[in-house]
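In the two assemblies presented below, chain A is common to both, partnered first by chain B and then by chain C.
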Partner chain A sequence: MSLPAGLLDGLLALLLVILAVRALIAPTLYQCAVAFISFGLTLSLAWARLAAPDVALAEAAIGAGLLGVLLINSLRDFSRGGDDASAIFGKDLPTALFSRTVISCGTLAFAAVLGMAMFHMPEGGGLTALTEASLPHSGVEHPVTAVLLNYRSYDTWLEIGVLVVAMLAIFCAGGFEGFRRPEQGPDSDPVIESLARLLAPLMVMVAGYLLWLGKAYPGGAFQAGVVLAAAGIILQLAGWQIIENLSTWAWKWGLGIGFFFFLALAVSFMPLGLGFFEYPEAWAGPLILVVEVLATLSIGLTLTCFFVYFNGMGASESRRRTR
Partner chain B sequence: MSALWQADNLPVWLVVWPTFGAIVLFLLPARWRGMTGVSFALANGVLALVTVFFVMEVGVLRQEIGGWAPPLGIALALDGLSALFILMTAVVGGVVSVYAKIYFTQVVVDSARSSLFWPLWLFLWAGLHGLYLANDLFNLYVVIEVIGIAAVALAVLSGKTRAMIAGLRYLIAAVAGSLAYLMGVALLYGSTGVLDIDLMAERLEPGLTTRVAIALMLGGLLVKTAVFPLHFWLPPAHSSAEPPVSAILSALVLKGTFFVILRLWTELFGVSLTFMAGQMVGVLGACAVVWGSFQALRQERLKLVVAHSSVAQIGYLFLLFPLITVPATAVAGGFEWAPLAWSGAVYQVLAHGFAKAAFFLAIGVLVMATGNDHKASMLNMVGRLPMTTFAIGLAGVSLIGLPPSGGFLAKWMLLSAIISSGQWWWVPFVLVGSLMTAGYVFMILRLAFAPSQHEAELKSVPRGLQVCALLLAVGAILIAFPAEWVIDLLEGTSTFGEVVRAGAPVNSGEVGP
Partner chain C sequence: MEWGRAKAGAVRGRTMETHFIYMAVSSALFSVGMAGVFLCRHFFKKIIATKIVGAGVFLLLVSIAERDADTFADPVPHAMVITGIVVAVSAAAFALALARRIRIETSRASFEDEEAAE
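Showing the complex of A and B:
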């Protein structure tokens, strides 16, 4: 490793620790959220340095981007009661000092044990060689895509299911199934509106590109889905209300289609004597592409719906409060 | 190669059917969900029966997914233990589904909200099937997540503030638990390069990394199973949920992570376990028995009594681990208590599953009739709600461990195993636990027979609800009778009745190609 690269890595590692600590102990919730977002971005750089561009993309898009939006959005509802974060460690000074010391010592000890465990880890070899060797039969050229959508497609399918479950969980917590239109129309901000007109088509294009790229290079459904969701959120902020205008059938099918189609595909070749999630080798490539397109749509829609639902919930809650 | 209808696709259908149900229920409008949900649940029951008969006839079944053999692909494994858990889930889940159908259509006003129960419950069911069949550490993580999120969502279904606060705690505990588990899996994958449990058991070497990984995974799973002192999230979450949800959470969801611990302990962890590790887990279990029972005695609200009682009853399960973990120096052979300990723990799972579900459903009836769940509302219930009181009585008999009941069999087998293993120090905990359980059960029943001065008018409760509670309570007694059959089924588990030799490599038996 060259000296500048080593310096960069050291700096990244240091920054990660500082930001992580900052995200925990910043005096206000807002500062915690900002530190957390910066932590996500730095972490994605670290993944890139570790030659894991797929993880880096996902971390930047989900860890920093989407979670950041959801955090800041929720903070707006919190901050009416003040966003002082210092009370987490106890109200009076001695308690706070004591709990901080205990937590810091515990964390350090845990980190030390974990570090030693990693340092002593025997060389397991991993599955890289096997993954590469089976690549010609997988229908795609990028090993990560092959693992996600062919070798371990069962896990990926369940993960997409987790998103549907998460949406249902949010409906449960919010108390209604569906999306409420805010009572007063959105404030039209010409800057945001023209920005949205400019950015949204571009982002949809980037999503499509990431999706197509996934066949042979880092990228794929999850990353593309998040970019699509970002476009959806920007349009929402500009007052487009796309989700609220969808019919119930449309958003339900939109949320479920990625998971449902994946399942249908998984069983559809079983009458031909193939196994669960087994595709004919010649068709694997195109089929995986269709799964990825539908999964991208579902993921993008689900993540946008998270945001839209929280917004609608905040609106209905503040309505309840003013009454 | 396997055609659609062939029996060796059974594991696939066990996952596909409830998942298909979940997605269909999500797409359906609220008013159609109840009936459809019950149909899917009953079909699950048929599937479970087929599974049990299949396992009795054919034995262990392994199936590779996607045409890729491990280590590249994922395999599912179906054996006696999984079949028994699937059957319990089907029976308890089936009755709870019928109860939920009646409860959510006739009792709860906001049907648009409560109909969310159905897709979530089927997702949870699918997750449980996936868990019982998983043979891959990462696949286990994914199904644990499905179960965890669906369970938290169901816990906050009522929308009451108390449920929301409890649900948030539950969520944080559940996520922390799964992350700890995942961290351990990462360390093990780094050390062995495989995720399949059988393959990993062949390759795993003892060492610091393995030990830290096991501690992390075990710690995470213990949080999710609510083992003392990591049970803090359970009483508020289980006591504030809707009755059918409480029944599902305590009867089924807790048993899921216990199943994982049992499987990993006997099939994978042995290489780096010590005799003391088994003893330590046993101490946690013993403390849970005493502490949970003590807390249950102190509660004023019935739902909290029952929730704390879950902490105690789960504690019994963890007395299994010290009994089946022997020092590496132990003389070979002569561990005749191990099958007894195994059967005892599995019986405790069944007995608690039936009895606790019955208990929660019966208290749901009581709350509907009287409007609250304070102990005083039990006054003179034996004359006014005889069927429900009877259900509570039967479930209580099984929880205490009075003969003839599933609970009696479980505690009797555990106690015999403890005595013949020579680890006599667990005996007082089992006995004291039973006495304290008798304390809180009889306290409730005593009130039921006591006359009350000014009786408030009871609201009418649909008869079907009372029948459901009674059915499960009777089940908790009846499961004592087919014990030989259950143990026969358990014999179809590769590690059944074996002890884990601390520090010795696990002899995992036959491993796939």
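Showing the complex of A and C:
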């Protein structure tokens, strides 16, 4: 390992640990959220160093970007009546101090044991050779896409399902009054609106590019879906209310189509003697592309809904307070 | 494909130390996160702490993938981690929504501060 590369890895490692600690002990919640977003972005640099550009893209887009938006959005409720992040220290200090010491020592010992265990891990060899051997039959050229949408498509299918379930759960936690109020839009800021006009078409184009790129290079349905969701969130912030103005029919189909098309595809070749989630080799490439396009649409819509319902929670609360 | 191979060639030269550094970091992150889950009282911080624990686990998986690199880094852990990131973010978003609802309904921000409720 060359010296600059080692220096970079060392600095990234140090920065990751510092930011993680900072995200937990910062004096205000806003600083916690910002430290956590920086942590996510630093982590995506670390993944780029570990030769995992797909993971880096996913982390930067959803781990730091989307979750960061949700964290800062929810600060509206938590910082009401004082930004009481200092509440980590209880009033009964002696016992708290004792338990804090015990837990800190315990986790330090645990970290040491864990670190030692990691260096004694057996060399399994991994599944690289097997993946590479089957790559010509998978219909795509990029190994991670082949794993996600061919070898282990079961995981990816259920992951799309998890997203929709989480979206519904957020909807339920937020209550129904926070949603579907197309008549009372927020006053749109002219700056955000012109920014949205500029950025949203560009982001849709980037999403399409990432989607197409997934066949042979890092990229794919999830990254593209998150970029699409970012475009949706920006439009939402500019007061376009795309989700609220969507017809119920389009909303339902948009959310479900990724999941259900994937399922239909999984069973449709079973009469021909193929297994669950097994595609005919000649059609695998085009079929994967169609699945990815529909999954991207569903993921984009689902994640935009995440934000809309989240935002609606605060809005319904402020309405209740003014009442 | 060409890109993957070129990258893997670069990987082989420095694979020994790089993944060792990040394995050590992953154990540190896991422990920091665990300590945060126990020690932080505020819901917001507890949720961030669970995300940090998850980041430690993902970092270990990707380090192992890099250790097992042949012509390219092992893609199976990569795919698992991408799936894992999305699921972890969904779970964190749901947890945040619940915490927010608790805050709105009871004005509590942690499990302990019942006396702080108005």
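By our rule, the second predicted complex is superposed on the first by the 302 of 323 C-alpha atoms of A that agree within 3 Å, B and C clash if a C-alpha of one lies under 4 Å from a C-alpha of the other, contacts with A are read in each partner's own complex, and residues count from 1 in each chain.
FYI, contacts are C-beta pairs under 8 Å (C-beta built on N, C-alpha and C of every residue); 3 or more make two chains touch, one makes a residue touch a chain.
If you're wondering where the values come from, they're calculated on a predicted model, not measured in any experiment.
In the superposition on chain A, A:L274 makes contact with chain B only, not with chain C. Taking chain B and chain C in turn and counting the residues of chain A each one touches, the greater count comes from C. Once chain A of one complex is fitted onto chain A of the other, the partner contacts of A:S134 are limited to chain B, with no touch recorded for chain C. In the overlay built on the shared chain, the residue A:S153 is in contact with chain B alone; chain C does not reach it. Residue contacts after overlaying the shared chain place A:D9 against chain C, while chain B stays out of touching range. Shared-chain residue A:A166: touches chain B and chain C both.
Looking at the shared chain after the overlay, A:G256 reaches chain B, while chain C stays out of its contact range. Once the two complexes are overlaid on the shared chain, A:V55 sits against chain C while remaining clear of chain B. In the superposition on chain A, A:G125 contacts both chain B and chain C.
Touched by chain B in one complex and by chain C in the other are residues 114, 118, 121, 124-127, 131, 151-152, 155, 159, 162, 165-166, 169, 173, 175 of chain A.
Interface residues of chain A, counted against chain B in their complex, comprise 113-114, 116-118, 120-122, 124-127, 130-131, 134, 150-155, 158-159, 161-162, 164-166, 168-169, 171-173, 175-177, 248, 252-253, 255-256, 259-260, 263, 266-267, 270-271, 273-278. Every residue of chain B that touches chain A in the complex is listed here, in rising order: 1-4, 9, 12, 16, 19-20, 23, 26-27, 29-30, 63-68, 71-74, 112-113, 115-116, 119-120, 123, 130, 138-139, 142-143, 145-146, 149-150, 152-154, 156-157, 159, 164, 167, 183, 187, 189-194, 203, 205, 207-209, 211-213.
Chain C makes touch with chain A in their complex at residues 1, 3-4, 7-8, 10-11, 13-14, 16-36, 38-45, 48-49, 51-52, 55, 58-60, 62-83, 85-94, 96-101, 103-104, 107, 109-110, 112-113, 116.
Within the complex formed with chain C, the residues of chain A that make contact are 1-2, 5-6, 9-10, 13, 16-17, 20-21, 23-24, 29, 32-33, 36, 39, 43, 46-47, 49-55, 58-59, 62-63, 66-67, 70-71, 74-75, 77-78, 81, 84-85, 87-88, 90, 100, 103-104, 107-108, 110-111, 114-115, 118-119, 121, 123-129, 131-132, 141-144, 146-148, 151-152, 155-156, 159, 162-163, 165-166, 169-170, 173-175, 216-217, 222, 306, 309-310, 313-314, 317.
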